[in-house]
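Here the structure is laid out as structure tokens; the discussion comes afterwards.
Chain naming follows the written order as A, B and C, and within any one chain the residues start at number 1.
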Amino acid sequence: MPESSKAVRQINFHVTRYNPEDDRIPYVKTYTIPVREGMTVLDGLHYIKENLDATLAWRYSCRMGVCGSCGMLLNGRPTLACNTQILHIATTDLAVGPLPNFDIVRDLVPDLTTMLDKHRALKPYVTRADEDEINDPAGEFYQSPEELEAYLQFTYCIKCGCCMAACPTLATDVRYLGPMPLAAAQRYNRDTRDDGRRERSKLTGGADGAFRCHYAGECSRACPKGVDPAKAIQLLKRQLVLDYLHLARRKGPCQKLHGPGQGKPLPNVPAAPARTV
Amino acid sequence: MRETKYWTWHMAAGVAILFLLGLHMLIMHLGGTTHLFAPHGGEAVSKANSLFRDGTLFFTVTYILLLGVALYHGLYGLRTILFELTLKPAVEKLTTVVLVVVGLGLFGLGTWAAIAAHAVAQAGARG
Amino acid sequence: MGHHQKEVSMSEVQRHDNRLGIWGWLGGGRWGIERYAYILHRLTGLGILCYFLMHVVVTSLRATGVYLWVEGGVLHQPAFKVGEFLVFAAFAYHACNGVRLVLVELGFAVGKPIEPVYPYKTSLNVQRPLLIAMMILAAVFLAAGGYQFLGLAK
């Protein structure tokens, strides 16, 4: 295993500070901290809070790039603080700011409610006519690995908001749904268990929907999980146009495969244990 | 779904413009090498060559077509850019109305001019 | 605990609007080439539109016998020729990039959804060759137009 350098380098953190009770506008405060190879920006922020300035506020949780809490603007690019090593993006100075295109609650904390409201408005769950089957399932839905592949990539979204911060349309257009909600809509539209595509297209095909995207591609560049929301939105546009031109294939949602005990077992497969529920 | 309709036609208009305006560019700006539709020699934009093209039914029709698709494509594009500035709904409505009026007005002007120039050129060729 | 703190809901807390505004269109960080392509597409579109609206009016005058653009006319000056070349250049870029956008935005050049494996390859990687090809094509048209504009074509 290669030895990591134990050398300590002094890096200047230029952190955006803002307290709504005391400050009219945000300002930048500089902290100089000792950085060793392997330290993430999150480690740096913890060092500031523990040793230099206990009033610094930011969101974090898992510290391993799966919860999506610590999205920030690091040297001009929106990304996760826990996932980014300081020495990979800075040599002497690191600018740390809150995610743009969101209101700032305090210091590095963005107000993500607009993004989450837009997400909720698109019904980000499996919707179909037979609601009883969803709420009280009596069998399995069949979905092939190919059908899963069509939307699996878009399920990796951790709702960190980095894509929304990077999008040029969202810089000026408050009402635009944004890459995260639209990618989520595409995730459910392509899920064969779901039948809500036409319902969602009232929003996705509307004035604030997918057509406000112009493929600048910054969302996919910023995404820390490789979700590629830009691709999801272009595929969404394709489906919207096909629906408008009545060229879309009429295919209902996948049906229940079989109820318990009704499937024909393959030979040499042992019988399932008795139901306990 | 209305926005889907407008956008689909915006794309279709773009493709149409590619060919129609491409031809226009070949005649006007690459005419030095192609000498397309400029039988009177010299510059493609000379009065003689302009009259020649106006006199043909092909150009009268394609000019009107190009005018229509280009106005739609351009003004819808402008509308998209303006709407992304988060305007109030009343301002959005007003903007749409103004753009439609400008578009229809210029289309009317250009169509009249193409037909009138066609008549003049034909009369000139006969007389 | 001695002090009492009034419960404040999220909706009541004061906010600071952190939108980038128009600066978000033009500058705001280090970006990929596709974002610059988008900015240039907008600028060329607006430029062509401004020229086009005037062009319709000017060329419509021919129906009344007024030909402003022929030899001797007011628009036959070299300065206007430069402007015309700029419009031609704008169209060359806008059309070539537009072809790319029609293909990409109808889902043809973005690739299929894949399982993301780090380092991530996105639709940007898939359409990059198309972008390069379109830029080369635009440069070829620009050269051809420039050749004529400089009066070299006979």
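Everything below uses one rule, namely that a contact is a pair of C-beta atoms (placed from the backbone, for glycine too) under 8 Å apart; a residue touches a chain by one contact, two chains touch by 3 or more.
Please read all numbers here as calculations on a predicted model, not as lab measurements.
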Highest-count interface - the chain pair sharing the most C-beta contacts: A-C
Chain nearest the overall C-alpha centroid of the shown protein atoms: C
Euclidean distance of C-alpha centroids - chain B vs chain C, Å: 20
Distance from the mean Cα position of chain B to that of chain A, given in whole angstrom: 43
Whole-Å separation of chain centres (CA-atom averages), chain A against chain C: 28
Per-residue overlap in chain A, given as positions that touch at least 2 other chains: 172, 174, 237, 241
Sequence positions of chain C contacting 2 or more other chains: 42, 105-106
In the complex, chain A residues that touch chain B: 169, 172-176, 201-202, 205-207, 209, 211-212, 237, 240-241, 243-245
Chain A-touching residues of chain C, taken from the complex the two chains share: 10, 13-25, 28-32, 34-35, 38, 41-42, 101, 104-107, 110-118, 120, 122-124
Complex contact set, residues of chain B against chain A: 1-5, 7-8, 80, 83-86
Interface residues, chain B side, partner chain C - complex: 11, 14-15, 17-18, 21-22, 25, 29-33, 43, 45-47, 50, 54, 67, 70-71, 74-75, 77-78, 81, 102, 106, 109-110, 112-114, 116-117, 120
Chain A residues within the chain C interface of the complex: 18, 20-21, 25-26, 73, 76-77, 98-105, 110-111, 113, 149-154, 156, 166, 168, 170-172, 174, 190, 214-218, 220-221, 223, 225-228, 230-232, 234-235, 237-238, 241
